[in-house]
Structures are given as structure tokens and as C-alpha cells.
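Below are the C-alpha cells for one structure; questions will follow.
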């Protein structure tokens, strides 16, 4: 089974989800506040927009890099990929919820933070499942040693522990969570580790 | 006529429809209820979201598997495919209607159930029509015997009887319908029957 | 310049526009009317949805057939294609306007009819412009004689006279316009005339 | 790394963003005003729709022409491209804000003008960054001399100075800004300068 349509459908869902985020930005020309004041009060919407756009963007880059390594896909992988896309499509909702509770500033903000964290965690876990499945079923373009497999899955598996930890920070101080997530995105953009370690590194790691 | 654009356009419509489902999820930060209480009261929206996402996902997997078998498409098939896509695009509407009536809980809920069932049935019938058309006009990559054709069409044709039956359950007990539909999706994900039976099975079946 | 991205972008815009039509379908669970009564009162939304879905579907089939004949595209053609897509993206707006005025039934309904007719006419004219440009600049896969060119452009040019005529009917009796447009779509689905006449027909026509 | 998915994802985001613009067009059938009067009062929405559609269209043509020159993409380029797409997805928001403030006509209209100008400038700068990166890292299909590189980057770099200048006009007279932006789009559609100058021109320019 070819991977072209899996990639095309995923690109479609990611493109729609990343663009729908903009529907949560709006100002009211008939409001009593000036436009400048409205934009200032709406800062959580803009911050959440920027963060969620970046996170979906990073997911797309990861998805691109991962499936570039695949030669073929099977039926089960289509469903693992749908699981990832399901979490991605929840992001416009959790982003909008987070922004509106940050704006209103009530005590429930921390539950909005948890909700946002859950959709991030769902994505992280799904992505790790896809990677592990592809490695276990040898869907990769080149043979991958067990040591390499382990190193790659461990790396992404560790990532799935980071999201809940950051969420704990957010329970106490929501804005700090936005900042840490933002830092994680910047770190990810800057770092260059490929999804699969080179064979030399893997050999060193596996001893 | 190549099948690439039919697949690309279908991927586009399916991707937009599956992502638009999220627009029906929302909470109100200025409401009197806490976020937790709102999420609990909104459970029909989340259940309907999950179910409809899974159903469109399964349709996509089926569509993918079916057109992977085709070598070419003709003009009539483009219109049969548009019929399928038309039913798919009604799902965000029927999902949203079902969720809102489940939430309000009035006696009209069962008509919302019928509406939802109609869009499922429309999809099922359209899919069977596409399959039958492709088999009758020999658009498949390999020659398909009459016995194989019959077995495949019968299998999907039977599926189109299941939806109205489940709908009858929903008229009495709407939540049961959600559960049965959900079970059907899980069954479908787990089972491995290909769209066309292998030639051996078909021969056995055709005697 | 390859035609792949022109096709991909057009498929994207057509897929989003055709799916956004569903956003105009909604019922109100808290309304005083029963769901059945609401669905009956909303019939203009469903009729307009069905008609506009079919029209965009036909445009997609036409676009598919036309660009299947092209070997390459040039810069000017990209802009003619954008003109077509611009008219396509207005359809969710003109459809929604037509449906809401049909529902409210005031005397302004006929202006909503004109608005709808304008977006159809804009599409028809743009499509004819694309066809004429491709023929004039020999972007077709095979050499096309002047007689063939004339026949093809004349046929689509005639189509652009039909829309305003039907609109005149709609000014007097809006529902009749929906019916005639619907009939046109059905006629188009049934007929088999290719975009370019075969060379024999063209020779006969050109004498 | 192949460029196919970068193009497919960009086509998706551009197609969704250009089509979402239509969500800002609407009339109210229950309003006291006639449809004709509403359409007249809504002229800023239509003008802004037309302008933003054209601008995203031009961006797509530019993106198409630029990546047609590339043979491959790297990880950094994916992120530069995401930066461009982020600015593109803000356009439905800045367009809607501009239109609503033009309609209400208050003194804040000029800040809506600034907001609109910022999203244009963001796109222009991102596009220049992509071009410069591709040239600096020799991702182009043919070797590009330093003189050619400089000429191309300088040309697009100059473009990024035009947007803020036009914005200054808009601060004083918002409608003039729409007209000048519209003129720029028409000029761009008419002119034929390729992204990279021919080698002869570049040699002349580099002396």
C-alpha cells in the first residue's frame, strides 16, 4: 500500500487544523474599548494562536521526516495515523478554551491548562506509537537495528513525559506553561537530531 | 482518465469535513458553571465528535483501499464519488444536531437519531454503488470474476442494512445507537477482510 | 511550468468551498418548533445546499477534464484560474444569502436570486476564458484546429448566456430558478460531450 | 528531502486561508434594510475580500514559481516556510478587522489599517527570507551567481519597504491604501519579471 494518500490526507487535516486556529481571533468594532485596548486584552488569544500554530507546525515537520523514512504503510498504520490526526483536530478547541479562560482569569483556568496539556500529550503518545509500530514492523526504507529502534523510541517516549510535567507547572502558573511550551518549540526548531540516530551512534548506544 | 485528482479532491473534502467537526466543541468561560461541569454536560458533543471522526476515518481507509485497486476512473465514477462526498459533508451537520438534541434531551432526540442514521446510510449506499460500478465496468487492476464481484458487493450491501437496523435501536434508546455504532467502528478497525476476497475464497464462495 | 500544483491548489479550494456549504445547515434544539417542523422550514437551506454542492461538483469535473488536456500551464493561466476560484469561493456566501431570503420570503428574495446568478455567471465566464486561453496559446496535449477551437469556445460561451436567462426566470419565481438550475446539473451529468469535439466532428463543423 | 510535501501542505494552508475569507461576507434577511442597501453598506467587506483574495493568490503564484526553481528542501527551509504560512493564516483575521472598522468608520480605523499592513509586511519579509535562504544554501536547480542572488534578494527586499510606506498612506486615508494595494496586485499580475534574472541581465547588473 502506497504512502502517498496517507501523506496527502494528513497534510489536508494538518493544514485545515492549523488554519482554523485563526477563527478564534476577533475584535469588536462596536465595542466601547479602542482597538488597541482590545488587542491588548486579547493577548491570550494571540499567544495561544502562536503557540498552537508552532506546535502543529512542528508535528507536521516531524510527520514529514518520519514518513520520508517509510517505504510502505499498512492498514494498522493508517489507524495509528488517524489517532494522531484526531488529537491534532482537538487543538483548535483546546486552544480556544485555554485562551478564553486565560482572558477571563477565573480559578478554572488551570483546568483549561490541563485540557490543553491533554491534547498535547495525546499527540505525543500517538506519534511515539506510530514510530514504534513502523520500527517493529520494519516499514522503514533501510534495515534498522534493535539498538537504533530502542534509541529512537526512547527519545520520543521521554518526550511524552515532558508534557505532563509542564502541565503541572501550568496548574500553578498558567502563563509559565505557555512560556515553557514556547521554549520547547524553539529548542526543537534549533536542534538537529534526526528521528533515527546514525548507525554509528546507535552502535555506541547499544553496547 | 487518471485517478490522482479524484483521490486528491476526495482527500481534501474528507480532511475538511473531519476537521470541521471540532467547530462543534466549545465551552463558555463566562458561564455560571465550572469548566469541569460544562465538559460533563457537553459529553454528547465529545461522544458524537469521537464517533463521527472515527466513521469518516474508516470511510477514508475504505476509499483508500478501494481506489488502490482501480487502474483508471471514468466520468460516471467521478459523479458516484461526488455522491459519496456529498453524504460525507452532511456529517458535521447531523453530528452537531445529534449532539445538541442529546444534550437538551427532549422527545425530538429520536428524530435527530434518524437524521444521523440517514447520513450514515447515504454513505454506505454510495460506497456500495461505487464498488459495484467499478466491478461492473472492469476498472480494477486485475480481472475480477463474477463470483468475486458478487461476494464483495454482497458484503457491502449487507452493511447498508445494518445502519437502518441500528437506527431503530436509536429511536428507542439513542445512547445505545452511539454505543453500537462505536462497536461497529472498533470491529471494522480490528477485522482484516480485504475489499475483494482472494481468488481462492471467491472460487469456494461461487460454487 | 508544471500543472501539478495548479491542480492541487484548485482541488484544495474547491474541496474547502464545497465542504463549507454545510456550515449553513443548522437547527435549534432550544427552539419552540419540533425538529421535524424546523427541517421543513429550513427546506431552502437544504435545496440550496444540494444545488450548490452539485454545481461546484460539476465545476470540479469540468476543471479535471479540461486540465487533463493540458500539457503545461503559464503564468497568465494561473491568474485566469485564480479568477475562477474567486467566483467559486463566493458560492458559500451567495448560497447562504439565497437560502435565508427564500426562507424569510420577502420581496428582496429576487435580489438574492440575482446575487446567486452572478456567482454562477462569474464561474461560467471564467471557465470559458480559461478554455479560450488554453486553445489560443496551444497549451493542449495535441494540436487543435481552429474549427475545433471555435466549436469548443462557442459551446461554453453559449452556456454563459443560459445563466442570466435562468436568472430572469428567478426574478419572477425564485423556486423555478432552483428547479431549472437543478435540471441543468442533471442534464450535464447525463450528457457525454467531451470538452473538445473529436477531429471528425470539428472538420464537419468547420466547413 | 523532497519538496512535494512542502508544496502540498502549503497549497492546503493557502487554499483554506483564501476560502475562509468568504466567512466574513454575510447579510441579514431579518434586518430592516433592503438587501441592496445591506450590500452597499457592506462594501468594505467585499473590497477587503477581493483585495485579500488577490494578495493570497499572488503569494501562491510566487510560492509556486519559487519552489519550481528548487531541487530539494532542508529542515530549516521547512520552518521558514511555516513562518510564511503563519502570516498567511492571519489574513482572514486582519481582513475581517479592517472591513469591520471601515464599516463602522471610527477613529480606530487607522489602527485596523496598521494591523492589515503588518500581516502583509510579515508575508513579504518571510518570502524574502525563504528566497535568500534558498540562494545562500544553493537549493536551486541551477547554479546561481552572487550577482544574480543579490539582484533577486534586493528586488524582493525592496518590496518589503513598499508595504510600510503604503501603510503610512492608509493611516491618513484608509481607502487610499486599499486602492494602492489593489494597484500593486494588478501591476504584479501584469509584469513578467521572473524571480531570478536571466544570467545575461545578472552579469550586466553585477558589474
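Think of it as A, B, C and D in the order they're written, each chain with its own count starting at 1.
What we mean here is this: contacts are C-beta pairs under 8 Å (C-beta built on N, C-alpha and C of every residue); 3 or more make two chains touch, one makes a residue touch a chain.
Quick caveat: nothing in here was measured; it's all calculated off a predicted structure.
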Message = Relative to chain C, which chain's C-alpha centre is the most remote?
response = A
Ask   = When chain A touches chain B, do the two copies use mostly the same residue numbers, with over half shared, or different ones?
value = different
Ask   = In angstrom, rounded to a whole number, how far apart do the mean CA points of chain B and chain C lie?
value = 27
Inquiry  = Please tell me the distance, in whole Å, between the geometric centres of chain A and chain C computed from their C-alpha atoms.
reply    = 39
Message = If a residue has to touch 2 or more other chains to count, which residues of chain A qualify?
response = 8, 12, 15-16, 20, 23
Chain B partner contacts - residues on chain C that touch it in the complex = 7-8, 11-12, 14-16, 18-23, 25-27, 29-30, 34-36, 39, 50, 53-54, 57, 60-61, 64-65, 68, 189, 192
Chain B-touching residues of chain A, taken from the complex the two chains share = 1-2, 5-6, 8-9, 12-13, 15-17, 20, 23, 75, 78-79, 82, 85-86, 89-90, 92-93, 96-97, 100-101, 103-104, 106, 108, 111-112, 115
